[in-house]
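Note that the chains take the letters A, B, C and D in the order they are written out, and that residue 1 is the start of every chain.
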């Protein structure tokens, strides 16, 4: 643990570790909330927070429940009790049991370190209650000292003479060895293959800049500058096979003007990227994001 | 109905009229969600949206449920079924039944009409699904033509020789005759007496400007200008006996700079007031606001 | 003048009428600021506010000067004094002399009236110091009563049996008769021909919704909803021959979530459109916008 | 120089180092802009950017000019040429000559490191074109490793048995030895004495949380939570003898809701503090802030 952790660090984390989160998706049906809530009550749980949503188009039902389980009850007992209901109502679910160890987060980056630096500080100071950065991996050496200062292992996997697929294989192996639960692309400038993406469905988070209107092609900030936009934005999303088209988790914009040269727009863009990526990572680790098709339901 | 209603007006309203809203407050207890959800299901209702919150300090539990009741079922049947549960769990509740007529909104104003004009447009165009402006009352004549053009009755109640209490009595009588459910102070520059406030608990909405830091006393925009603030704000709240200190419903800020003279700050303040007041009115009419002590729980 | 004008209306306007605005564009050259400022001083003017900008790419120089001219001096005297300097430095300029009558603004709309209603209120209450709405024109009747209540002439020009070009010809004639200086497309759902656009270069302002990412084709709010965007936006711009691609004047965004059905996103979009369009109109009438190629320089 | 500097670091800095900034305050008078601009032109300078402002109340005139001086010209030559004009027009001025070494920034902190970490990253990556963090000083050890990793000297000055005034004397000595130009209070939880403040007039920047309404006394986040505010804010300002009442440089707000426990509000507050403090430091180092009485003029 690095010595520069602030005084509040563990207070937050302890507060969250005692709750269980249950995420549900199923076809809309009369009585789902009642059935699920009753089952939790019958197993001795106490609901602290619950959020539901029914998509008006698809009639899919989404629910997030945060509850205190009966003291001493194991997750397996709840799973057994829940299984018949899940079967009956065609429920897909995800359960994160109280007291589970923090999830292991791997951060991938290249030469830019603004997001990496920010994520390491937040992780060390307990801002990600449900996880912690436990690996930094890069195709460059730039991030090494930041990682090592934070006490996080750093792996350097450059693209070598054996080509990009070989490098990706080594990256996947490193992620596997580190037991990564969540992969964060913090300005990692390599495109992952469909095979790599398939290993971590809805568990790879990326950040990219966004503009109104959108600009295709290279050097988007230059294009935005030439077009005289008055806002720039950043979007974080889950990675799918469609480049930068995965389900959106968080977005934010900032004002720019004719006085902002391209370098200044890039700087403001970095400020946005830091905040929006950290927001997405926290929402994911708090189990607040459900993916449905091309969209997310984010229970803030 | 004024002829300038836009084409979307009724579409919104019809969408909402078919749902019932149940708002609940009670001491936190194991199984509340399950009990309430089960009761709704048992009476043939289908939950569309539900939001819960437990205040960590007071251990009070808050819930908003939006559901489709069993076709043809009257509100009274649900109330009868709900009464025993309410008694057992010490639940305070509010029920707004599907198909109930729109609530009657009375707008009080003085000489400034920016909020009045905005509220009339929104009401006529169906933006307030759960209510409509049915009375405009002022101690000045300024708002008369705006109201009459919108087809809304206008009542002029100046402060006469018989003094302010007599005027307030006439105002209360006019509100009573109009069957006002909600009273909106849209820059009404008179302070209501405790007696008047007590008639409409958590049903009088006010708007006022806000600053960081706050400025006490007269001419706050001048004070804010002299202090060189970089942000101005507006706050909407329920009226209580403490002037401008009631539970906050919505707030928003806008940037200002040294280039903004006082008149320009006032103009930006008007823009904020319009949006923040309309936001609060809509949240109230959508039954999304619960008051608990000095605070609100707003289920957006 | 409608009777619902607020008490502050003329105060703002009088404050602004006494100043002259000079807008300049020229190739960047040593000493331009000094030469222009000296000329203003030599003719007895007193600079109140000045803004300069040099585009780092094109090396074009932009300047806005607001000054009090020598009392009694006519604009023509200044123009004569300025002409040699303008010739020498290849300056393109625009002069708006103190005390000039307010510019005549024509608002074009179709069936949606949220922007029209807003612009009429602001115009009547003196928020547009440099102009006033003096004509409302529509291909529908929807806006008539709003215009007439505000004491503004309303012209109905439907698309008749003689086709769209004939209708546009009548629109242009009406604009000409009204002496329109600025044309505001306030949700006018007809595309202007290149000929019409050419008559009002950088004097037609439009508003449209914007998204990150952008969505081409019909029903953009439905597309944005299906994509699960977390922000929606609005952009105001000058109209050019490229549809919705003209120089941007102002932009703003608002948050949305999975809870916002399409109708709710449309409503939030209307709120943005009102504010962003009014912002652009005010900036234009305050002579704060210079167009350079595909971009604007906006001296706020 | 730490190895985790991003690839853009020096590009920004070099771009800015070639310009001179002249800041002026004087009584409003006819022809000031012309006289100053002419003097710059006469000494061979080329104005790149200029901003003026006249305070309508006090009739004080403010100006910021950024220019390329004549190649090879020393600052002293310009000062000599400028002196007679400054005398004649009662101008107070500040000159920052092109090519001057970066200013030395001292960061003071206590146990919280979020602002320190952020400032160190920005400094190392060239975001502060006009300065760099060259000292970290704290009454605790918490920030030491962050500073040392960034290659910045760290001084620990605890409050010892000899009391607070003695500690402050050692702090001032350390600042003096380090040649500090700017002192940044990055959550430094000690109040500086009037004597210390007087040594660095308008050169000590502080950050604090702000609320609408404001809350006096201890534990403001708890008070804000109990009041149910919907926005929290942060304000950066120059330190004067009035605690937290100095001229405001930058402010920003963020949304909160009933779902945000105090710990979550504190976390969002930290995010604001980071951004708002860095903004103020950059504006100061870009010579964009002029102080006039209790206010600032910030030429963004």
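We adopt the following convention: a residue touches a chain if its C-beta (ideal position, glycine included) is under 8 Å from a C-beta of that chain, and two chains touch if they have at least 3 such contacts.
Keep in mind the model is a prediction, meaning the values are calculated, not measured.
Relative to subunit A, the most remote chain by averaged C-alpha coordinates is C. Note on interfaces A-C and C-D: more C-beta pairs are in contact across A-C.
Subunit C and subunit D have centres, each the mean of its CA atoms, that are 36 Å apart. The distance from the centre of subunit A to the centre of subunit C, each centre being the mean of the chain's C-alpha atoms, comes to 42 Å. Under the contact definition stated at the top, the residues of subunit A that touch 2 or more other chains are 49, 53, 259, 261, 300.
For subunit B in complex with subunit A, the touching residues are 30-35, 37-42, 45-54. Contact residues on subunit C toward subunit A in their complex (touch as defined above): 53, 55-57, 210-214, 226-231, 233, 235, 247-253, 257-259, 261, 294-298, 300. The touching residues of subunit B, when paired with subunit C in their complex, are 2-8, 11-12, 15, 49, 111-114, 117-118, 121, 125, 127, 141-146, 149, 259, 261, 263, 266-267, 271, 275, 300.
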